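The structure's right below; bear with me while I get my questions together.
Going by the order they are written in, the chains are A, B, C, D, E and F; count residues from 1 in each one.
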Amino acid sequence: MIYITRKEQFSAAHKLYRPEWSDEKNLAVFGKCSNPNWHGHNYILEVTIKGEINAETGFLVNLSDLSRVVQRDVISKVDHKNLNLDVDFMSGKMVSTENLAVGIWQQMEAGISALGCKLHCVKLQETEKNVVEYYGE
Amino acid sequence: MIYITRKEQFSAAHKLYRPEWSDEKNLAVFGKCSNPNWHGHNYILEVTIKGEINAETGFLVNLSDLSRVVQRDVISKVDHKNLNLDVDFMSGKMVSTENLAVGIWQQMEAGISALGCKLHCVKLQETEKNVVEYYGE
Amino acid sequence: MIYITRKEQFSAAHKLYRPEWSDEKNLAVFGKCSNPNWHGHNYILEVTIKGEINAETGFLVNLSDLSRVVQRDVISKVDHKNLNLDVDFMSGKMVSTENLAVGIWQQMEAGISALGCKLHCVKLQETEKNVVEYYGE
Amino acid sequence: MIYITRKEQFSAAHKLYRPEWSDEKNLAVFGKCSNPNWHGHNYILEVTIKGEINAETGFLVNLSDLSRVVQRDVISKVDHKNLNLDVDFMSGKMVSTENLAVGIWQQMEAGISALGCKLHCVKLQETEKNVVEYYGE
Amino acid sequence: MIYITRKEQFSAAHKLYRPEWSDEKNLAVFGKCSNPNWHGHNYILEVTIKGEINAETGFLVNLSDLSRVVQRDVISKVDHKNLNLDVDFMSGKMVSTENLAVGIWQQMEAGISALGCKLHCVKLQETEKNVVEYYGE
Amino acid sequence: MIYITRKEQFSAAHKLYRPEWSDEKNLAVFGKCSNPNWHGHNYILEVTIKGEINAETGFLVNLSDLSRVVQRDVISKVDHKNLNLDVDFMSGKMVSTENLAVGIWQQMEAGISALGCKLHCVKLQETEKNVVEYYGE
């Protein structure tokens, strides 16, 4: 069993805000992340997959295939977007890093399986100080 | 003459968009940065100042004073903000990294002088691949 | 189950030295880390916690609460300190990175539980080349 | 149980190429990595070991011993080498990052055991975007 | 006057070797970099250009244009190549980081001028510890 | 004219403290850096030299010679030391990053000249947020 991690980046806007709450309550709970006019981040996404090494190529999967899946299923949908307004798989959810990592897992699980290996971990860095990991369970 | 650089970060939303242009022309010139619903970045700001070492303290300036000026004159105005909508010193300007670096210089020049030294360089990283430097001339 | 990691830094002095040994034996075992007049490091601390996502906030915990606990229980006690002389929870122990990671775990376990989640890992980097991880068992 | 990671680097040439295939098929499968005249990387190797803390020293192992084993069993054999032509333990294998990580594990397992602890993980970064991990099973 | 830096990476093989010298002399002068079977690196290239900000776009140049020139004039010629054998602009030269930086400057100067700005600096990192800068004079 | 930068690290203890001042005044001026029992850092030192490329080797200087000078004149004197107590060239001076950078310049200037090139810049990072540069004038 071998593990491979592919690292990609995307830049997006978001806010943490519950519309049924007052601005005051949003500020109390979400702090400056509740700014009504949005803010944004350079997110660093690390996708880890696992499986057996192919004897002929020496690869778990061809990295160009892995990269294509990550681009198609995630990066193309979130890069230079507003995560609250533009991203269908986050619709109706709080756009926290936690929920975003879970959403990215759900977007990618089938495409990774189709490559003949398994998704192991989605790791998502919002800032240098804050990182979330999700293992699908 | 000694140079000191202080590094800070802020997270903000922005877009590159001229309202008098069509969406098509904005997309052609500004690419995905023209997304009408905004996107965002973790900006890394490096402020370099220069001057003489104080014999008694061994300092060019007390770093807590420098940090206070950077927070007061820049970070508090741009962190977790929308650079197009919330930041007075960018009002009416294209919010490119170039213009933002020049705007930050103008915000900070007087405060740095008041510390008894000179502003030397404002360096602003938008993503890992793109960095702007401005030396005030 | 979701995992969140918070990254903090602190700067401290220490030495590796057993007073009942000669300087020669200390040098033989601990090398340059035994320098009697101390040396120091910028330590990078990564605290990983785990638990369930709160449906209302989208958070495992509010990061400002997590940050407050790390500051109160660890950073305020070790930053700009002498780990051998100034830190009560290292008293009477060799100040190796291993023992320091275990000590930090013990300092933080109750405070993390009080946030409604569990401490998963304490990761401590002494230099770019050396990192210790402790999982509480 | 405590985990320690030692980080080292080496610079080496390699190619991904099956001699029984045509250049066209090699290019189709391995892309630009099949360049007949080689290419190369700065590989970053992270070796993680695990075991109990020694009460007298506070160490899992003396890091100078760990560093010596990594140098002797791996770095001296791969640094500034051609991984296809110069490295006996990769002879007859495709020099993928996956196979190289497994080969490094096999090179180091006995030497780490001789230090009185266990090899836990070999992590190998080929580029900033691609990382492989192997846990020996 | 504003400065913009674009950062790119490429992976390549090379050796430092004078064929008219003996292997012994090559080893004495160039050390392990003289390995006859090549070695390689992940080179990090930073290209800095300078000029005036365009009032309409807020740009010095459109970064997609800058990126295209760097790809066309440099990256496509050196990435996943053997710098001694495959790169026409290094033909007949010692492939030191110094000479490579000068060669890259010469490759890029005209293309950067055609964008309406000036090449200011080529910075080339061979390993984390060694960096070369060339300013064209 | 070509510039080469060599990056090294050292770990050391220090404090900022004027013995003729009270503890209160030291705390007011130097903050937590005045802790009487010391604290410490991993310092990152970047030494930049400049000169002409040697046509035969392609080198400004042989990096092993540059590394040897940096080790001999600086690293061996400051690594795993107390900068206030153990380092002769800082004796009687405030051990600020500014003064340390100037002191390192003075230590290295002659040795770099003896290599046939010129010292251009000493850059010293105390923490990720604070960096000092000295150009010898």
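Note that a contact is a pair of C-beta atoms (placed from the backbone, for glycine too) under 8 Å apart; a residue touches a chain by one contact, two chains touch by 3 or more.
The model shown is predicted, which means the values in this text are computed figures rather than measured ones.
Shared contact partners of subunit E and subunit F, listed by label, are B.
Residue-number overlap of contact pairs with A-C passes half for only one option from D-E, C-F or E-F: E-F.
As for how the two copies subunit A and subunit D face one another, under half of their interface residue numbers coincide.
With centres defined as mean CA coordinates, subunit D is found 29 Å away from subunit C.
Distance between chain centres (mean CA atoms), subunit C to subunit E: 42 Å.
Work out the mean CA point of subunit A and of subunit E, and you get 34 Å between them. Within subunit B, the positions touching two or more other chains are listed as 128. Every pair of chains meeting the contact definition is listed here: A-B, A-C, A-D, B-E, B-F, C-D, C-F, D-E, E-F.
Within the complex formed with subunit F, the residues of subunit E that make contact are 16, 18, 29-31, 93-99, 101-102, 128-135, 137.
Touching subunit A in their complex are the following residues of subunit C: 1-8, 48, 53, 56-60, 62-64. Touching subunit D in their complex are the following residues of subunit E: 9, 11-14, 32-33, 35, 37-42, 79-82, 85-86, 127-128.
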